[in-house]
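If you scroll down you'll find the structure; I have some questions about it.
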């Protein structure tokens, strides 16, 4: 299968979905990480241009560890909007990856960019397969029913997972991928006094406590009609 | 009363609301169907211009069977956005119909156009009666409290009806109206292997099972203050 | 129609449903108020026997103002349990009234007696019409689908009404009925510093604000299959 | 695996779960149907003793078609209570079947017996594996984490499935099983004017519409900690 | 602390939050009221320019009674959109007030302007503290975690408060502030036959009934990670 | 204030509430832990009598570390029922502690004993202050409005906290209290392969991630009318 994770910022995938993606890679599926913004604004000191370049490098290093393709869309950080222009961009992201399974942010996450990326993915996943969709740079991919999963929220705020993936065996991969995002370890510590390693250990350990394993990632599924809901496509 | 159903695409009304509208017509009310997009994109083969023309003809034929007026707004299919331009269009749709009762898509339906039409109707139904609203082509209609109902979702996904209308006696009218949308019988079969007659029989039969009759249509009501919530305006 | 309100304590009906019952009486329906407990325990000073006798007298006076029958079941106050013994009692209450419409407490009200009366009504309303139900003193009444409504919670805690009844014209009747419960005006003032007239004015005024009239009572409907859900049976 | 469906009445399994059980049988799993009451009260004419004997015969015939074991507990119909006595009975039902997967009624179904059977299953499934549980006739079975699924409600009232099983290929088995319950075809027709074949076709057809197949059964999973939530155990 | 209330229209603060703000002022905190639109469209007779000027004067008078700063943003009434342009405006509103506590409309209020102001506040409160945010006229304020509260909905529609503030002692201030909005007393009476004094008495009296005092205002808190959720910052 | 935590089993308090209780003790409040069952059944090998004696000793040791009173009610483990007999017991537990703040299990926790203890506390907290309540061994305590909080569920299943208490400074006390329950470290490891130290670190660390501190405990409040909801009584 083709697996696609669409995140707003360079480290979001690592925090909430990397373990699941590593399971897919191990099972031989093709995985793509799409990062919708340029990640340029999230630091109090480093200038946008420099920050963006750094974060792209970090993201590519993390994707390489996973063995995944990377799509870097480059929308200005903090300025995601579900408008026509960004819709066209998102449809082309989906067309490039032609996914059977999609992961993205939860619609009620804490960050506006996360929410709007989620909305854009929802708005686009039906339209990726329509050949006459105007204004796209890429031709339509398969219409057939991709399943869409929403990633957990940090600290579980407003989020009760209904699906769990056991990531105990690939937790080290997740950690190694996260470690690539050096600039974020600094920024998070500065802005919010958070250690990102602590963050993923609590997040994955807590979801594991629920699911019955050491570490897990939690998701909810978008239930939409005619999307093959009788099968589990998660690893 | 004036009854208005605002749908995103030419066959949406038939699938989820036509029986209820037929009940209203039978009781002597004036019914209007507004179709917000041109329905041009939903086929994998037929070109947009040709498809749109076909679908408008089909929609007019269905409205004629019902005895309803048709408003054809012509926004490009798959590109509904709750922005200022389309808000102005929607307010004028409402002003033209001057409704006592409004039906539209549920805010969490599976299709982005459905969701955004729903949002535009919500955004506009308060403003239709404000005389000084800038940028409108039509003068304000009555301000007084129209009740707004959301139509069911196909397969009941994310939808629990709180209101039911018995459509057993008018089910044949609904079927005849749906039959006008020949192009959609083909497209749905091709894209998703669905027979649309099966679809409405399951949908209306299941809601009837709940409501205590053969066939029913299910709705939820938008509860908003000062809208005459002590009366049932449904047939 | 036969209308039945089943309350746990002598003044519950007056606080949350009396206006609606008055509307039914005015339209010529037969109304019964059933009080399930003896109301004996709710005062810090007055002895149970004396209190119970007082409250029965007050309840009968209020029912007389309304023009309703009164059923006084006499279960010990504060000791309602959804067990077999009280189930038998409740089924006979329903059989005596043979209702088309039933009102009772919301399942998540603040008082255990309210919650368990609600549960007993739910448990019994299907069984009232089964002729072979063992252990009953009264024969089965009609099986046919009575609709069941849950009354509002005081202060709206955990309660969002979905149905409203305009009681503006009968608010004085409601007030007169409540005034019969003199013992409760004292007890509520002593235990919780509440003036019961203030209470009903705020409760009915607030629900009227939502519904679009001066005073209203709010309810939710129990949706159960095959109960004639396509009609509004509320006044 | 050992699969167990615990139903309150003789035909409940056929209406909501038989297709899924047939899938399990086809895959070689051992299936048990437990019927908790004697089904004696649900007819307006036939006497309890005679009705109960008839319904047990019908249930055994249906189980035979499926190739399943039948447990007939014999609690008086309409008198299920989540008390100590019936808890002991339910724990022994679970111990006899030693299930890996359990199906039972949804906690908010329309019938009190359904709700209380659901509650008794919940209350017992943790305790089935505790060796020192007092008052049981059977020794403890495995403690290990069985997953528990709640069956759909008729007409979908208060129920949004999160899991679907494709039963298209076994729908005829489901129909044949239901056909064994001849007494119920009569009773349902008399009491509520319902044709049970229509009922299962609408129910399974509607859930199929959502899931993307011809016929499906819908469920929700009880999420409880440490129950192996990272795997799908449904067929 | 710095307290900020962001409302869509000139009288919204008075209806739902003024008592709480008065409590803050009394405790010595700095309070700012921001009004996002020019309030120009809500009257059926008075011209927009004149109405807007009147309402600004009324709002300034009310703020003066409270002892609060007023920010008048001047977006055209009825045309709030969560787009890039208005996002920039909202971020600067927040930067000007540099709040520790923010109040705004509930995301599911009845008026589109209320909903979109709520969305804009959510979208902006994270970004107010990012120094490199492009397109802003004001420099970043503190990043640190302001708590965000949603105001009640009129008539409690779709709103269950989780936080209450006792405003009994400052109810007269609230009333005096509301009285400044003379133009609205007329408009509400004309358009919807509502007396605004009745409105606040029912709203605050009903919430007081729940909370255990004479008058209260109800709120919900936006739970977002790392926002100091272990403290109550309400008076 | 008087603080009371009512748990079903000897280690439940330590897992979910001990940090908050330690905060109360530190602030000079009087804390009582009530354990409703004898904890006799939860081990696969150790006999009930011996296990119960061991667990009582462990519980007393933990309470001593905290500086709290212990109430040991002695209901048979796994056999909690919300019936009249256990209601009387629970009312007397509450009367003995005369609480201003009560903690107990969430009504939808995974264990039947937890759910029924929760239900019994709800059923009793109104009745603890009624002098004429029949069948009690202890006289009524204060009627006045105690606030009731529900403890978190392990792994957060079906639980979204609305209140958080920062327990970073007292986490070692919590750990020391848990360490007293040696028998449970063995039983949990045997039955479910869980290390209880890991469990509390994940649980408190994850809630801290949400709340903005190192370790937190999460709760929901029972909102009931007239219970002083305008104040935070949590530390």
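Order as written gives the chain letters A, B, C, D, E and F; numbering starts at 1 within each chain.
The rule we apply is simple: a residue touches a chain if its C-beta (ideal position, glycine included) is under 8 Å from a C-beta of that chain, and two chains touch if they have at least 3 such contacts.
Note that the structure is a prediction, hence the values are computed from the model and not measured.
Steps from chain B to chain C, taking the shortest chain of touch contacts, total 1. Most remote chain with respect to chain F, judged by CA-atom centres, is B. The pairing of chain C with chain D is characterised as different-residue: of all residue numbers used at this interface, under half are used by both copies.
With chains reduced to the mean position of their C-alpha atoms, the one farthest from chain E is D. If each chain is reduced to the centroid of its CA atoms, chain C and chain F end up 35 Å from each other. With centres set at the average Cα position, the gap from chain C to chain E is 39 Å. Across the assembly, chain D contributes residues 83, 145, 154-155, 157-158, 192, 209-212, 223, 225-226 that each touch 2 or more other chains.
This structure has the following touching chain pairs: A-B, A-D, A-E, A-F, B-C, B-D, B-E, C-D, C-E, C-F, D-F, E-F.
Chain C contributes residues 40-45, 47-48, 76, 78-79, 81, 83, 110-112, 153-155, 157-158, 191-192, 194 to its touches with chain F in the complex. On the chain A side of its complex with chain F, the touching residues are 154-158, 160, 198-199, 201-203, 205-211. If you check the complex, the residues on chain E that touch chain F are 145, 162, 164-166, 209-213, 216, 221, 223, 225-230, 232. Here chain F touches chain C in the complex through residues 82-84, 87, 122-124, 126-127, 130-134, 143, 145, 223-226, going by the rule given at the top.
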